[in-house]
Structure formats: structure tokens, C-alpha cells
């Protein structure tokens, strides 16, 4: 596929297990965006895509939860986008462009970050193509700042920017546990926050989604949604997070919906010498490939 | 405040986020005690106060559980006590002295350890000032040894020494999961141990505390109370511990009580390269500032 | 005991806390097998036995769950088997031989791995001596491959080989969460898999075991059964695992059964700089000593 | 000094040993610039200033080579510049502005990086004030690229940009051992490269500098000039580097010259868990303070 | 080239910088052998080939010592050999076969280890094709044991096995600093040991090689030849080793000789978190590509 | 030997390679003192003795420099002294007592630290038995403070205390490169400092020692004498240190003298994950055993 030539993608690194290198016949396409230019606390998300691919062979291709095997699916891993560090805007623009091309060809994009700001480009491309797009966000942080550290494209502004593009302004923010007072007020005001102490997140989500069966959904997963104990390798770990079983229940609900694209961001593998974060992320990606295949 | 001059406190290091450097107008005062001289297994708690302060900017000042913002509170971080390694007794004496001065001025002390032995000084100062003081301990270990490795002030003797000073001998030991046979017998005999498999710790605590609404309470948190997966950076990790949500429930109960002082001890940050332990501890401290502000 | 002379065992390293060096008067005997020759993903299980012994003094000899103290038990730690790396078959043969000698003398073997393939030797020795032996496996992986990476003795083939020796082909595979499609089909077909989302593993196990009160049981614990957050130091961590409390409940059930031997395998301590994995494993071993003493 | 108010500098972190917080009466002024936005290989130089300050108390204030004690000198550490990540140009502009203010007040700037691109601002400020400024560079890399990864201000372009500002285009590049073919040709063509296998670098430098006794000199030290064995904590380590003794000899020569400012860049402390890189950098800074005091 | 199909080589990982994937038009061919099955002390050399490739982009393609650029050379990186762990003999046989095929096609093999035992296969293949082959070994250890830990193919037996195949028994062992008494006696008896305290290794080597101008030479580099300070990431580091400059001088001499193949073994990257060992090894490989291109 | 019973020594850990457990027939006796109670900067020397023993099997028993094999020598490793943390004085007293017992039995003590303060006890015992004892110190730091951090027995006071006991006040301080102004003045005044830039340390030592052929000598080696690149695992690394070859030359000179005891202190192994520091220390110990055997 000509448009993804060497000017755009670097595919000299490892490949996700069982993936094809070319997108032909594949309806799901993985690509990495190794950008962490606005990360202020602990950088390293740039190493995320490579780490996920490298450890992916450490888990099985078969998933007992989906009862599905990656070997039986047609999906491609086309490498990582060539980007420059520094200013986020050109990176987001490039993400938007390549995501739009994929969607336009009938592919479902599955983006590996990199920091969360890259989601802005992918959601913009999706919103351009799909009417009534809604976004589901798994994240520890609200990411609703208008501007942060001098930039409107800082990773703390991701959902604010996504709201700019979504015609119906509909996002579901699952399990957010960190933010400013105004961010929490806003999430509550617009019924975006899916989470409460007494019930399970999966139950609330199920109820909230019930009238969106026909909406195309973009799913963005900031890995710091998970508890720091299972995901120490992320830039801004936030105590009190979620575990694999919580994720598993949410995925189970989403099987019934139209997921048109997804991303997994904020893995900073060098912060976790044990490697469990990268393996966890690879298993999340395996589930998403199967979810996208279903949807 | 003259008494906390450079002879006593070193304030050349980082400061806890949003804190003042001087205690004027502040009713809550943080101070570090970087001592780990009796730690036999894995030292490093001396680095705890600095680590907590350094990472504190990595979390938000707003707490959605308290719906409170550190920016709105008046609290001071006056630096770390200048102490010598070696013999614990002079350190404990110095802790007692500075804690007493703070309490005497109407401040609530919030001490960052260091190893658990420093709590002896803080509880002694508190018991001198407050009649009917009781102590609540979150800890993996009973710390009731009379003497250990040749010293009555070893960190394994902390609660034994505190009992020496408490007129009514009342301590609540929450979730202790490691100790000698005689320590467990004693805890059970005096109904100190708050924990059982079938009910939640928070429920038991709630019941046990009901008749102590008017008592001043000192709260000591040995971070090894938490599960080693969320708190690997501590000297004597003990499998089978507690998580953020357990802590959150306990704090919720304590909001109704008179907490007059608190400490967070046994963070040994260099044992956890990922840094999640220090961030966890900083979030615990954020909650305690808000708890002390309420009480 | 002459047969365990220096040709077989190296006892120049550390010893498990409170253990004897000689087996006389001891009915439980620990021995290490520092072999990881077939591990393909992340080696290092060879360092497991030494790490468990070294950190064992960091926990107490008293166990509040068993209300038992290691100091009151007679058990020996006879060191680690002298083995060569490379081909697994001679190692497994040696394990079989020494395990058989121990069982023949009325001892209960407690083997510290090393990778899971060494279990093959211990189960073979046990099956030779005990009619009606059944095996209980705690593991993340099914380990039912016929051959893997060119070898029938790869650690991914452990339970397949054990089935070769068990006359009644009875194994219980608790909480397996990773495997091939055919492995899962086989486990379900023969009702081996003890695990389901809705009930607790302990409950299912209790029901399944009810008719095996009189059977001798060999218990093999691959530490990757536990969640990677509490056990990052293992070669093939698999997200979504179990915690101490789950283990504790299973042990509580097994107290009623005839455990004739056990092993703890796949600790790769160098992958976990914080050391919590080794301490966790040491506590597992402490429980097993007490379980074997009961049984 | 009003211009260095809290809008510009953050001084809530540690302070370099024996330094003052205010610049009054101090002719040497340290400041950090925690920027690493263009680093493509291994980020982390943003943590350099904090790390140097934190470990500085681990070495003595007395230097036997200078026979001088920091306690006897008047120098200030005014904290770290508040900067945004992302685009390097605003950072370099801010560096230029504060450096110029310092020089204008008769102070000698000593900047702690951060990545090498920040030197562009400091050299520009210096060249604006001092006629005939020359620059001495200790570095593994030539840094003479016109543009790199889409930016003229990438840290690989540092010396190219400095040449833009220097009226006489005079820089000495000491011990460069990595670059493109054209970079090496240029360095040789203009006699900039101070290094050859047969003689000592110090000797060559001494000869080359002989006619610049009256020139103001800015000294920039990219810590990757040192051998990776003594400085593993840097983004682009290059084998075959220099040791402390080599540095010591160069400093000894420079005592005779007019050093008007200096910087120490590219420490990425999190890459070196042992901490020897940060301690090394702190000792380099100690020498530079003394060199600036002399000059 | 058909014979290196997917049955033999895995090329899904990273590629050495500037290399081709196919051997056509390339006279130098890199391949990895990720085997460490006989390593007894600290395993991990299996991760060597991947680590060298991954970091290779961190150094320049131009080498100022050779005044040569990798971009101007034709060389291929065909991936890593698919091998099983365990028994070394099948691995060595496979290495022999693929090395022979390369040599037979007029290519120069450049093998990346993996442990030193794989050299046995490469030297055997070379000796089969080239009469009068001699071997030059850079190593800390003599590797002359007849058998070790039960195997004739242990990495401590590498040079002993090579001597089996060399018709004239001529090897030069440069800078060996560890071995048994009998190994040292043998090296001295046959004038193999190139090293003495008073002169430089390079000088001795130059003298010793003078009569071998016409001999084909295989060069094997065990990275533990280098000092542990520059190469901490190796299984059996031995204090008192060599530095880059020593290597550089040796390479300079070897430019005049007929190097027909080479290998770089024993990088165990996970032992060196800073990454300097892998970068060092990648620079060694860069030099060898240029040396092979010359020879 | 009765006096070294279990009340004094713990021998449940590893043993130095090729050593005996009992002192009978051994004229050299190793013992560990795992004390680091006064270390203020980075603790961990308590883990030194265990680390040295554990890695000792990673090097050969034969030393090509001495042409001697540990297997041919009679030396014992009697384990590590049981000590309490905290106050240094009881530890030093215990060291003095056991060292005196050994010397009195005609043994040569070889003590493994632990921090440098333990040397005080060993030198005191030696001075009590040997008239005309002199001390040779390899160290980065002068250690001549009268008192430090409140204690006369801090490890920064080691040589000051030793001078108290030495009748002729004769110590040689080799290669000291860090200290206060007054420490350097004192060392120079009394001609103690053996080091200068222009000549080799070994030459100066040789000259200085010439008139002490008949004096008994105690040799104390603080491992921070070595360069931090080869010895990162020490509490107070000081850039600009020495390498193996420098040590080798000094040992070569000392072969001609009467070394009656020695120690190796300040290894803090947990600061060096690569493990090269411990291996280096083990090789130093191997040389000292051979030196003591000669002397």
C-alpha cells in the first residue's frame, strides 16, 4: 500500500506476534506513534510501541476469554510512524492523516502510543468519517485541561481537544480518579464519569451505553487507568486503579457495540525493569484486536 | 518560628507540593525524620521524606474523595530534622521535643519517616499533652517486642514503647499480619487486633471506635501495611496486604474522629526503581493533610 | 544421611530459616534444583532456590494462619542439587532419584525450583511409590504441550509428562489462564480446570476434591499462578492472576488432605529488583512446610 | 533580584552544596534548565539539574586540586528555569534572556542541563555582551548538523547554531569522537578538533589556545565527552571517552584563561541506578565553580 | 537466498543500522545466534543479538577511525538463527552449516552471540573451507577446558574444541587474564598468550602475526575481554580488562591481514540497565564490518 | 574453635570459594562484619560480606599474577559476626575481641566489611599484639575527622582512631583524593599521603616503605579507593580513582613485607545491579588471601 511508505513508517523493528506486515486482506491495522514530547513528569512513552511488540511473543496467540486465536485473524502491523520530537501539533496532524487513510480504506485503526496527545489526531480522523462518533476513555486522569504547560496539545488536554471535534460532545470517562476540581465538576455535570464506589464500573457502563448501540465508538485506553501495581511502567501512575478483571468485564460489554478504532497509550517501559507492564499492555492489545474483529 | 532553626531542621531539599515553608497561620505541620538506624533487613527509610516530597508534584492537589484541594489549605513543610545515625534514643528524644513544641503551639504534627521507631517520640509528646490519647496503627507487623537486636528502641519495639506512655494502654492495631505467637496472643487478649477474614477491616474499626468519639487519636501508618505489590519500596514487605481502597475506607471513618497527629513511616524508595511506592506514599500524605484539616 | 553427599548436593549457600542441615528426625526435607535450561522467554529460575533461602529470615517463623511456628517443626534443608545446564533429561532423572530416596525413607519432599520441568522427576518418583497419586497444579499455564522447542521435557510440557506417569490420569489444574485452544479443550473435556469467573477457586476446588480424601496428593506451584503485581520475578508472567488470599484459601482446604510432597517453581529473582517476589515465595514455602507437617 | 522571580525560576527543589539562594554578593550564579525536548535516543536530561544538586552533599566542599573550598566562595544557586517541553526555541530564548541579565550584572553564569540545545541561548547571550568570544566544547559528538529531525535547534545542531552567533567563528572542539564524514572534514578544515592519538588532549589544547589569552571564553561540557564507564547516565554514550584525569588536566590549563561562563549538560540520571554519573557531574560542577572564581 | 528461509532464521526483530535484509550483492553477512544454554554463572547472552541491533541506531554510521561510512558498504543482516535451548551440540551443528553456506558463497560471516560455544561451529565451518586457518581470540578466559559441567561443548571449552579442528593448531589468545594453572601453562608452552604487563598488547600481536600475512584468520571476540567497567553486561566479568583504545589498536593491526570471518559473543544486556554494554558491542560490530570490508 | 561459637558468628550464609569452615590448620581466617550503622550518604555495606561470598565462585581459584591456586592454600571462612545495628562502639569492641583471639592463635585475620569504622577494632587488636605495627590504607577519603555526625566512631573517623592506638603513629595513606583542607594539610605534614600526579603510586609506595621491612603491617582497603566505574557499588564513590592494574602493582610491592592482617570494606552491593563491584571485591579478596599466605 503505497501511502504507507518509508517516508511515514519505520518497520525495521519488531512486529506484533502473528501480525502481517502488509495491510492487504487485513481489516485491523496496528501502528505505533512513539511520541512523548509533552510529557512533563516522567518521559519514556516513546519506547512503548517497540516494547509491546518485543514482548508480545511471551504470551499465547489464543485468548481463553474470547476463545479466539490471533493466528486465525487477519490483521497487520505496519510499523511505527516516523515523527519528530518537540512540537506536538505536526505529530497529531500526521496521526490524523494516516488514521483517516486507514479508515477510508475500511480498516480499523489500532494505535500504540506514545503519550495520550496522539489520540487527538486519531479521534479527529474518526469524527471526520463517522457521524455520531462517541468516545470511551479508560484513564486515571480527566485530561480536560484547556491548556497545560503552554500547549493546547499537551497530553493533559487530550479529552478537551477530542470534545472540540465530536459533534454530539459525547464521551464516557471510565474510572477517572485524578483531576482538578473543575474537571470533576464538568464530568459530573455532563454525566460522563462512569464510576462509583458501590457498584462495579462494568455495570454502570452497561447502563450508560444502552442507547448507543448504533453509534460508532472510538476506544482510548490510557494504561494508567490500571493500578500502578500491575502497570508501574507509565509516566503518571495514580494509586487506586483497576485490574485485569475489571478490564475484562468492560471488554465483555463492548463486544456488543460498534468499535471502529482504538488506541493503547502511555506505556513507559523503561520505568518497569521487571517487564510486567509491557506484557500487560501486549495482552490488552491482544484483546483489542479480538474486540475490533468482532465489532 | 525560632525554635525550628537551622540547628534542628534542614530545609535545603524539596518541599511537599503546595506547602508553606513557615508555620505561621498553618495548623498542620509536616516534618521529615530521615532515620533508619535500627533497620536490620533492608535499610533506606532515611530516603523516605525526600522521595515523598520530590514526587508529590506528580499527583494533583485536588482530592476527589475529600473534594478538597491542598491549595485551599494552610499547612507547612518545615523540612527534615537534622539527626545522627547510630543510636536511636537521641533521635527519638529530638522527635519528642520538636513534636511537643508543635502541639504546644496548637499545630497538628504530620511526620514523614524514616523507620517506625521515630513514632515513639511523637506518641510520647502527644501523650504528654493530651489526656486519654489513643493510638491507631496501620501496620503489617505487631511491633510489640520488648527488645530486639539489643535495643528497646528498635523499630520492632515501637508499639511496646508507645504502650509505656499511654495511660489507658489503648491502641488499635489494624490488619496486623505478621508477628510472634506471643504478640498475636497479646493483641487478641486485649482486643487490639482489628482484622478478620470474613468482614472488612473498615467495618470492624468502625464498631471498635464507637466509644472513642471524644478521645484524641494519634494515627501511625507503617507503609508495609499495604500490599507489597503497591508498596514494594519498604524494608520488610509482607505478602497479603491492603490496597488503596481499604485505606480510603478507613480514612472515611476517621473523618468523624479527633485526629491530633499522624505519621507515615518505612518508605524505602531506593528499593522500588519504578517509583510507584513514593507516589503512593505522597497520596497517603495528601489524604492525611486533609484528614487533619477536618478533625 | 549418606546418600545426599557432596556429589549430589551443594550446601555451601544459605539455608532456609529455622531449618536443620541434616534430615535425621525430620519428616519434611527441602532441596533446591537450580535448573532453567529449557526456559525460552526470560531465564533466571536457576537463582530461585538461593533467593528464597536468603530472604527467608526477613519473615517471621510464626504463621498466624496456621498458628504454628517453624521453630517447633522438624524439617531439613539439605541444599541444592548439583546439576548441569543444557539437556533437561539428566536433571529430571536426578530429581527423580533423590526424590524417590526421600520418599522411601518416609520423608516428604519439598522441592524449590528452578523451572517447572523438574516437577516431572518429582511426580514420577511419587507415582512410583504411591498408588492413586493425584496432582494439584497451581499455574498460569496449562503446560500440556506434547513437545516444545524440540524437547518433550520443556517446561511447557510438564503436565503432559506427569500424565504419562499417573495411572489414573487425575490432575487438577487450578486457575489456568493461558494456553492453546487444544489445551483448554482438553482441560475442560477431562474436568481438570478448576476456575470460573463467578465462583471462587477455593469453592470449586473444595467440591472437586471431595472424593479424593484418601488419595495421596502431590502439589506443584508454578509461581506465575500469582498475579504479576505480587510476583514480577518469574519468567512468563501472565496478567490477571491470583493473590495471597486466594492461595491462603486453597491451603486451608488442602489441610484436610494427604499432601505427600510439593514444589515451588519458576521464581526468577533477578527480574524483580525490589525483592518482593522472593519474599512472597519464601512465605509460600513457609505455608507448605506447615501444610506438609499437618497432612 | 527581581528579574529572577517565581515566574522564571523554581527553587523548591534541592540546592547545590554550600550555595546561596540569592545572587547578592555572588559573582557566580548556577541555574538549571531541565529541558530535553529534542532528545531522540534516550530522554531524561530534564532530571539532570535536580540530580546534581541532590548528590552534591556526597562530596566534600574542599577540592585538593584547586586547594580551594566552596565554603570560602560566594556563589548562588537560583534554582531551575520554568520551561515547557515541546518546541526548543522558546526555551533557548528564555535561556538567552536570563543569561544575558546575569552577564549584564557582572555575574558569571554556570548552567546545568538539560540537553545540549540550551547552550545555544547561553552562547548567544555571551556573544552579545563579549566581543571576541570563543567557545570551548568538550563533547563526544561534533553537533554541527544544520538541521536534525526537522529542527535547527535539535541538540545535534548546537555548535552549528553557536557558530551563527560567534563573530570570529572560533570554537575548539575537544576530543570529538563521533560525527558524520562532513562534520569531521569541517572540524579538520578549520582546525577546530583538539585531539589526536599520539599526544595528550591537554597538550594540544595548550598549544591551540596560546594566542587567545585575552579572549573571553565560554566553556560547554557535554558529559558524554567522558567515557561511558564513568558516565553511563547520559542519552547518547559513545565508547572510547575520557576520564577524570583528562578533565583535570584541561581545567588546569584553563585556569590561565578568561572563562566568562560555562555549562554542564546531558546528564540523564535515571539511566544510571548506581548514581555514579550524578556524583561525577557534581564534582565537575565543583571544579567549574572554582575555575570561574579564578578566571 | 533460498537456503536462509524462515525455517532457519527469524527476521521479525530489529535490524542492524544501515544493513540490507537480503545477502544479494553483500559480501559481509551478519546473523545472530541467541543461545546461552551452557552458561552456568549468569545467563542472558541469548538477548545479545537483539540488543545490539536495537541500540545500533544510537551511534553514527560513519567511523572516524576507519574514515568509512556503513552507508557506503554492502552488508546484510539476515536475522537470528532459530534454535532450541538445552543441548549445545545441535546449535553448534546448525551454526556450522549456515556459516559454511555463507563462506561457500564467498560471503564473510559476522556472527552475533549468544555464548562463546557457538564459535565452535563457525570455526569448524571456516577450517573446512580455508586451509591454514588461524584463530585470533580476544577473551578474558582461556576457554581451554576439555570438558566442563558435563559437556565438551560448554562455553568454557570453546578454544579446546577449535583446536580440534585447526590443522596447524594455531591460535592467538590475546590478553587472557583468567584460567586454571594448566590452561596458563599450555598457553605459554605454545606461545599462544599475547599479553604482558610491560609492553602493549598491540605491539606483541604485531610481532607475533608477522609471519601470518597470507593466512586466513577468524577473529572471535568474547566481550568479557573488555574491562567490566565498559562492559558490565556480560555473564562472567573479570576485573582488569581492556578498553576501547586497546581494541582500536588491535583492529588497526588486523587491517593488514586476511580476516575471513568474525564473531562478537557473550553480551548479556539485561545485566546492564544503563545500556552502555550494548552500545559498546554495537560499535565493536561497526568496526568489524569495516575490518571485514577491508580485509 | 570454641570461642567462635554460634553466639558470635553466623555461618548459615554462603562461604568464600575453596574455604574451610573451621580454622584448624588454617593460618588465614576470613570473617564478615555486616555493619553500616554510621554511614550517612548511602547505606548498604552491611550486605558486603554476603555478596562477596556469593559471587566468589564466578572467578577462578587460580591467580595468574601470584601463580597460586586457592585450592592449594589452607584458609578458613568462619562466617559473619553477629552484631546489632545502631551504636558503633559495641561493634568495634566485638571486632577487636575476635580479631585479638585470632591473632593470638597465630592466625592472620582477613575481615570483610561492612563500613570502614570496623577497621578501628581490628587495628586496635593488632596494635595490642604487634609492636611497631604500621597501617597502610587504600582509600579515596582521608578518614581523619576527630568526630563526625556526633560520633568519634563514624566511618569518617577511622584513621584518626587508628592513630590513637598506633605507638609510632605511622600510617601510609595511598591515593587519598577527598578530604577537608585540614586533613590534606595533616597528611602532607606527616608525609602520609602516597600519591602524586607525575609518578605512579606504586613507585612512591615502594620508596616510602623501604625502611619498614621488619615492621608488621596491617592493610586496610576501602573499596572506594577504586574508580567508581569499576566499583559503583560503594556508599561514597569519588571520581578519579584507581583501577585493577594499580592495585596489582601495589600488591606486588607488598609481597616483600610482613602483612599480618587485612580488611576489605565499604562494598554496598545493592547499589550496583550489574554485580561487577562484588566480583571485583571477590578478586581483591583472592589476592589478599595469597598475599597473607606469602607474607
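For clarity, chains are labelled A, B, C, D, E and F in written order, and residue numbers in each chain start from 1.
Criterion: contacts are C-beta pairs under 8 Å (C-beta built on N, C-alpha and C of every residue); 3 or more make two chains touch, one makes a residue touch a chain.
Predicted model only: the values in this text are computed from it and were never measured.
Participant: Using the contact definition given at the top, which chains are in touch with both chain A and chain E?
Facilitator: The common neighbours are C, D.
Participant: Please give the intersection of the contact partners of chain A with those of chain B.
Facilitator: Touches both chain A and chain B: C, D.
Participant: Could you tell me which pair, B-F or C-F, is linked by more C-beta pairs in contact?
Facilitator: B-F
Participant: When the Cα trace of chain B is superposed on that of chain D, what is the rotation angle, expressed as a multiple of 5 degrees?
Facilitator: Fitting chain B to chain D on C-alpha positions yields an angle of 180 degrees.
Participant: Let me check something: if the centre of a chain is the mean of its CA atoms, which chain is farthest from chain D?
Facilitator: Between chain D and the rest, the longest centre separation is with C.
Participant: So which of B-D, A-B or C-E matches A-E, with over half of the contact pairs the same residue numbers?
Facilitator: B-D
Participant: Tell me whether chain D and chain E, two copies of the same sequence, contact each other through the same residue numbers or different ones, using over half shared as the line for same.
Facilitator: Shared-number fraction below one half, so different.
Participant: So which chain is the furthest away from chain B, centre to centre on CA atoms?
Facilitator: The most remote chain is E.
Participant: At what distance in angstrom does the C-alpha mean of chain E lie from that of chain B?
Facilitator: 56
Participant: Using CA atom averages as chain centres, what separation in Å is found between chain A and chain D?
Facilitator: 40
Participant: Send over the residues of chain F in touch with two or more other chains.
Facilitator: Where chain F meets two or more other chains at a single residue, that happens at 227, 229-230, 273.
Participant: By the document's touch rule, what are all the touching chain pairs in this structure?
Facilitator: Result of the pairwise touch check is A-B, A-C, A-D, A-E, B-C, B-D, B-F, C-E, C-F, D-E, D-F, E-F.
Participant: Would you tell me which residues of chain A are touching chain B in their complex?
Facilitator: Contacts found on chain A: 41-42, 177-181, 184, 227-230, 232-233, 236-240, 271-273.
Participant: Considering the complex alone, what residue numbers of chain E touch chain A?
Facilitator: 12-15, 50, 54, 273
Participant: Can you name the residues of chain B that touch chain A in the complex?
Facilitator: Touching chain A from chain B are residues 57-60, 62, 64, 67, 69, 227, 229-230, 243-245, 248, 273-276, 279-280, 283.
Participant: Using the touch definition from the top, list the residues of chain F that touch chain B in their complex.
Facilitator: Residue list for chain F touching chain B: 36-40, 43-44, 46, 84-88, 90, 149-151.
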